[in-house]
Amino acid sequence: MLLHTIFVIALAAEAMTAALAAGRRNMDWFGVCVLGCVTALGGGTTRDILLGHYPLIWVEEPGYLLVTIAAAMFTIAVARVMERLRLIFLLLDAVGLVVFTIVGCQIAMDMGQPAMIVIVAGLITGCVGGVLRDVLCNDVPLLFAGELYATVSAVTACIYFFGVKAGLPVDAVTVVAAVIGFAFRTLAIVFKLEMPRFVYAPVRGNQSSKR
Amino acid sequence: MLLHTIFVIALAAEAMTAALAAGRRNMDWFGVCVLGCVTALGGGTTRDILLGHYPLIWVEEPGYLLVTIAAAMFTIAVARVMERLRLIFLLLDAVGLVVFTIVGCQIAMDMGQPAMIVIVAGLITGCVGGVLRDVLCNDVPLLFAGELYATVSAVTACIYFFGVKAGLPVDAVTVVAAVIGFAFRTLAIVFKLEMPRFVYAPVRGNQSSKR
Amino acid sequence: MLLHTIFVIALAAEAMTAALAAGRRNMDWFGVCVLGCVTALGGGTTRDILLGHYPLIWVEEPGYLLVTIAAAMFTIAVARVMERLRLIFLLLDAVGLVVFTIVGCQIAMDMGQPAMIVIVAGLITGCVGGVLRDVLCNDVPLLFAGELYATVSAVTACIYFFGVKAGLPVDAVTVVAAVIGFAFRTLAIVFKLEMPRFVYAPVRGNQSSKR
């Protein structure tokens, strides 16, 4: 129940930050709503399509679509205020990352998937929404730019999966995974922790070598 | 029957305008065909994947693929002539938008989906092909740039859904929805009607705020 | 068996060249792995989603994911050496193109699909991974830039489909299709054979004409 409430709040927060990204590109109101929905619901949708897990959650429960659309439109009115709340939205985004990851793991485990697929399902649920947003905004996905974001999702997914597999109470595992994941992401933001990058400059660049 | 004929003409028209977009980027003949197919069939394909509605129409009836490939290749020969027919293709595109939307609504209603999902199915069928085209061409989707395009699709879908739900004859509702949608889109082009945009310039831009 | 071994080698090779592409964009290690997986497994995944062919191969057998992730990470260590092996990777990429195409055709034929869909399934399996890589890297897909790449895939798929349909032994057809496809791609690279391009510069460029 609590997880579900936090899930809905996180959906709205993801839609609102995506709406700001739409505003930075001067998109119209329709684009704002689409970008909000794709960012908030795109991760779960991608997971369900890859796992063949139908119906998609927003098809079964269109209320999720309404929440994201309402949050995106609301952003247009309150964008200036949100700016001062940047820190809160950064934290809400971290909450969303962790909660989406756990929900993704739960669904894959309910389907009886093995460890690797459960963790990938968590990662996809937590991270793909932002990738789709960046593709629609015509950016190289921010996800690949060094921030400890996917790593937080992977760690959260591992704690959840192995905790549940070890027979610990699911509620306790959920709380522990969420708290550790959230703390990890917060520390990564505060201390600007980064993944190492792979920097490769070819000696001779030519078209064929791109393949 | 008539709807089906118009549907095939609209598929061909969408493929031809997409082929021109490929030509503006100097794509090869294969790219021209792919962009034509993705633009013409991508909306319906996305809808069917999201709704879990298999087989996809072009898998069940590969003739649709042949029509779009033929139309795209034909465009290479007649591009110079098409330029003078720009107005006709703009109108054919409006026809396609409206017809695709109605077909999308029909399929979702046949599956027993609720209002929200039927309208979203119509929107996706009408509009997503162009978004996929723009992503493959590495542009920010034109769909989000202010034109009254998705709005026309949404209005058409609403008229169709609520007309059919009200028990009116399906054929009559189809014609009325199509005519109103087409007229609305034509007026939007003629009078350059636009959706309001959300223009947001952050005071302090930094990487984290992109999330 | 042999086909399966070559398939796994080709997966690794595709992941490694994709990892180099990630390195050229200074992506982090996570991005390197994602780009490797999407490039190596994205074509087969797209085919299976379009055909409704579940479970996806890497969901059923997560070992494929491990191979691509390991290959991508390994690339970070050996990038400088790979540069001198550029020719070998170009040939491995040609092997992958041909083998992926044949595997895609096999799966579609096992599902009883008609000729057109079998060939499209082969094309998608062989070529879409690279398109997804380019979209994530924010490039116009290289696939549409004139190289004889998709054409090789289409020719291989046709030989395979019509050979098997003609009642010839499947193993013999597989070898012949693979050898001809590989030779064709190699000749295309050596002699810089290209698809004709569609070059179209509109006289009057305006927004509406983009549709």
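Order as written gives the chain letters A, B and C; numbering starts at 1 within each chain.
Keep in mind that, in the parts below, a residue touches a chain if its C-beta (ideal position, glycine included) is under 8 Å from a C-beta of that chain, and two chains touch if they have at least 3 such contacts.
This one's a predicted model, so the numbers in the text were calculated from it and none came from an experiment.
Looking at which positions face the partner, subunit A and subunit B present mostly different ones, since fewer than half of the interface numbers are shared.
When subunit A is laid over subunit C using CA atoms, the rotation angle comes to 120 degrees (nearest 5). Averaged C-alpha coordinates give centres for subunit A and subunit B that are 28 Å from one another.
Touching two or more other chains at once are residues 49, 135, 138, 145, 147 of subunit B.
The residues of subunit B lying in touch with subunit A in their complex are 49-52, 113-114, 116-117, 120, 131, 135, 138-141, 143-147, 150-151, 194-203, 207-211. By the touch criterion stated above, subunit B contacts subunit C in their complex at residues 17, 19-32, 34-35, 45, 49, 54-56, 59, 62, 65-66, 75-76, 79, 83, 86, 90, 93, 130, 135-138, 142, 145, 147, 189.
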